[in-house]
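Listed next: structures, encoded as structure tokens.
You will see two complexes here that share chain A, one where it goes with chain B and one where it goes with chain C.
Here is the complex of A and B:
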């Protein structure tokens, strides 16, 4: 679906250095990015502000012409075949609207039907589907400027899907949304990916989006890919520790000295104990039996390091090198 | 493309006409804006008998032809002056991501029917002036009367597009563009003989302002160019319009290329 090879983009920045003198400086937004996304994948593209995410997205959609490297999306060259590509991909921006501000939401959909030249029957069918799944009927007749952010985003996603794109690119789709709206949107996107097979690429700062939607995560910083792989693998790679949470029947002294355990923390006066262990040194099952030998256990659970932690470690580990 | 364009326009019309009072007031404001120059002309002729060698009826004819052309152009492509906002808010990227020409989307997405107000004022003046002027009507002059506003609108539209393309390079390109577009309207409201020097050369011939109203008015009135220009110049507005449109299209495409990063 997407093939990117050695992609680079520099911008020329002109700065005033004297009364009439100006210096010309080249700044690389994307240095050398390579990746592949297959049809049906759901990929999270993350990185701090200014890492090169938006620049990459603009090159994928054909708005920006790369300074170096190669891009193919849906088998097309985005910068040369921009309008052809536009009919096959959908783009949602969390921060900018593609709806017409003063018109009722449904009218924007109707206009997009003309712009994308979608067959009326197919358009009606897809609109009905989205209306149902995203609950658009309550505000379909309301002018867009009067919609809440959550409602507007549901409209934006619908607008991007009416021409049945093979690839949906979302740039910060959940930014500013309340928890319920976020959850609703994620559920819809997960379903879209699973049942219709629409390929998803999304950038986000909310790592829950990735956890919930994407089997694969790409981390970019300083215009380069820092890490690329399934979330679980990246997690294992950078944080080999997991934590076993043990709730005991009665408070006990810290359960020190178990094989494979790196550290022990106690809560509630020893009633709850958190044992961090290396996943290559022992297993949760083995640890549970050992703990049960020492104290009566009420409940156990295993927690994985959260995604924020994983990302933080990825930056710590690789940033100095780059 | 044509279908998408017309559906965009129709949607704007529906929404603007649904607030009847507000629309009419806006229309009236536009009519008055155009009447400004009319007032100036009337006051001037209270003091002088001729302006640049032309009498009051002749000057009013030039003014009316120019007003109609400018009003039509302002209505159809005047929205390119929103370009800086589109660029700043990133909405221009959204426009580029759709399978439709960026210029057509820009102009149609924000179509303002109220700008018809200018045309109404100018058309009123035209009808009045023609009724009191002594014009020798032939099929040629009739055809000229129909073609002139269209050709003039195309020339003005090209000026709008080319000058607003500056916004792709300059942060405040709109100010500069307004000087050319609105300044152009002021210029074409009077016979070019009123002006002199480089200003006349630039506005009349470089950006084609003389062909919006001055030369066609000479042809309608059956007068020779007091500046000594050949007679065929009086009928060349359609050709100038075509050249202007081609030039504006080239400038726009070049500007888009620059924006996307191939031109710089």
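Here is the complex of A and C:
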């Protein structure tokens, strides 16, 4: 579905160095990226801001011409055959809208049918399916400008799917969404990937997106692929621990000796306890029950190693080799 | 091919509906146009009063009044300046969405603008014209065929105006902020097109020079066609030439922009 070989993209940046003098400097956004995505895969593409994610996405969709290397998407050269490719892929940008701001949502869909030249019957069928699964009927007749972010994103995803793309590229699709909206969207995308076999490539800062959707994760930083593999393996490899934060009703002695807990830290004289545990050894739910048996619990929360942490560790791990 | 035309027709329809959403804004805009029309008439009438009637630059008073109302109506149809939609989309990077669609962006924007112009013809052109025709001395064409020529001329004026606005917007790809160039156009464009005073008031060397630019084709030409001043065929040919040139230029620049320039934003 996607073949990328030694892909590179540099940007020319002009910097003021004197009153009239300006120096020309080349900045590499993507240095040398190679990967392959097969049909039906779901791949999470992550990395910190400025790592080169969006640049890669833009080259995959043909918006940006690579300065070096080779890209093939659906067997096409994206920048040369942009229009043809556009008919075969769907793109969702979490921070941008492809809907017509002033028009009711359904009219955007109808317009897209004409732009993508989709057969009316097939279009109606897919729209009905998305409407059902994403609950669009409540606001289908509402102008896009009046939709909430969660509603709009559901509309965006639908808009990207009406021409039955083989590949759906999502650039931070869950950004800014509340938990329920995120979950709903993830569920839908997982279903899409599983039942229709639509290939998914998504960039995100939310590890849960990857966890729910992608069997494979690619980590990029400084324009290079740092790691590529099943998420569970990568996370296990670099940061196998989660932390349960427990706020107790009364200060207590450190809650040592719970199964699966690697270390215990206390704060506020034992009022707050941070239990690090291995995800393969126990679950947060089991741990909460055990804690509640030992002391009255006021509040709990679970801290995941955040994506920056994972990337940082991957980076630290790789740097001696590089 | 049919589907292709259908696509752009739908985009034009969407353009119409987009602008039809904001009726109060249209009403307020029309009111402003009418007020300015009255001001222009009082100023231009003074010119005729001062020289005791007759004609100035081939326009008599009735033709001048007709010119004012047609101009006030055409102003929003042609839209010299207006929403900097594409500029903003390029600057913020939203243009990536436009570029990931299987369409020709230039043609899509033209279609949308024609849809907008169609709405403006009803909401913004007809009212000032009706006021002018009912309450003022007004020069109707002597031949109904002229109305058809006028419609064609107004259409070409929109295409020319859209072509220029498209090129100005595309400059954002290189300049990152088009406010300088579009500011210049804002100041000069409409005047050179004949919005403030008829171009035939200009000295003859200036009129000749303007014929080498697309500007008269955006406003003066349709008005001249309507009031039957000069040869309609020549006016239309000049407009058609510029419409084609600007459309082709837009396509060429768009292609270069897409291939050469960074799309903004993460």
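Of note:
Definition applied: the second predicted complex is superposed on the first by the 242 of 322 C-alpha atoms of A that agree within 3 Å, B and C clash if a C-alpha of one lies under 4 Å from a C-alpha of the other, contacts with A are read in each partner's own complex, and residues count from 1 in each chain.
Definition applied: a residue touches a chain if its C-beta (ideal position, glycine included) is under 8 Å from a C-beta of that chain, and two chains touch if they have at least 3 such contacts.
What you see is a predicted model, and the numbers here were worked out from it, not measured in a lab.
In the three-chain model built by superposing on chain A, chain B clashes with chain C. By the document's definition of touching, of the two partners only chain C reaches A:49; chain B does not.
Once chain A of one complex is fitted onto chain A of the other, the partner contacts of A:91 extend to both chain B and chain C. Looking at the shared chain after the overlay, A:190 reaches neither chain B nor chain C. Judged by the touch definition given at the top, the superposed model places A:67 against chain B, while chain C stays out of reach.
Using the contact criterion defined above for the overlaid structures, shared-chain residue A:133 touches neither chain B nor chain C, since it reaches no partner. In the superposition on chain A, A:271 contacts neither chain B nor chain C. Looking at the shared chain after the overlay, A:284 reaches neither chain B nor chain C. The clash between chain B and chain C in the overlaid arrangement falls on one stretch of those listed (60-68, 132-140 or 222-230), that is 60-68. On chain A, the surface patch touched by chain B in one complex and by chain C in the other comprises residues 58, 61-65, 79, 82-84, 86-87, 91, 93, 95-98, 100, 102-103, 107, 110-111, 114-117. In the complex of the two chains, the chain A residues touching chain C come out as 11, 49-50, 53-54, 58, 61-65, 79, 82-84, 86-87, 89, 91, 93, 95-98, 100, 102-103, 107, 110-111, 114-117, 143. Contacts from chain A toward chain B in the complex involve residues 9, 12, 58, 61-65, 67, 79, 82-84, 86-87, 91, 93, 95-98, 100, 102-103, 107, 110-111, 114-117. Residues 3-4, 6-7, 10-11, 14, 17-18, 21-22, 93-94, 96-97, 99-103, 108, 258-259, 262-263, 265-266 of chain C are the ones touching chain A in the complex. Residues 3-4, 7-8, 11, 14-15, 89-91, 93-94, 96-100, 105, 109, 260-262, 264 of chain B touch chain A in their complex.
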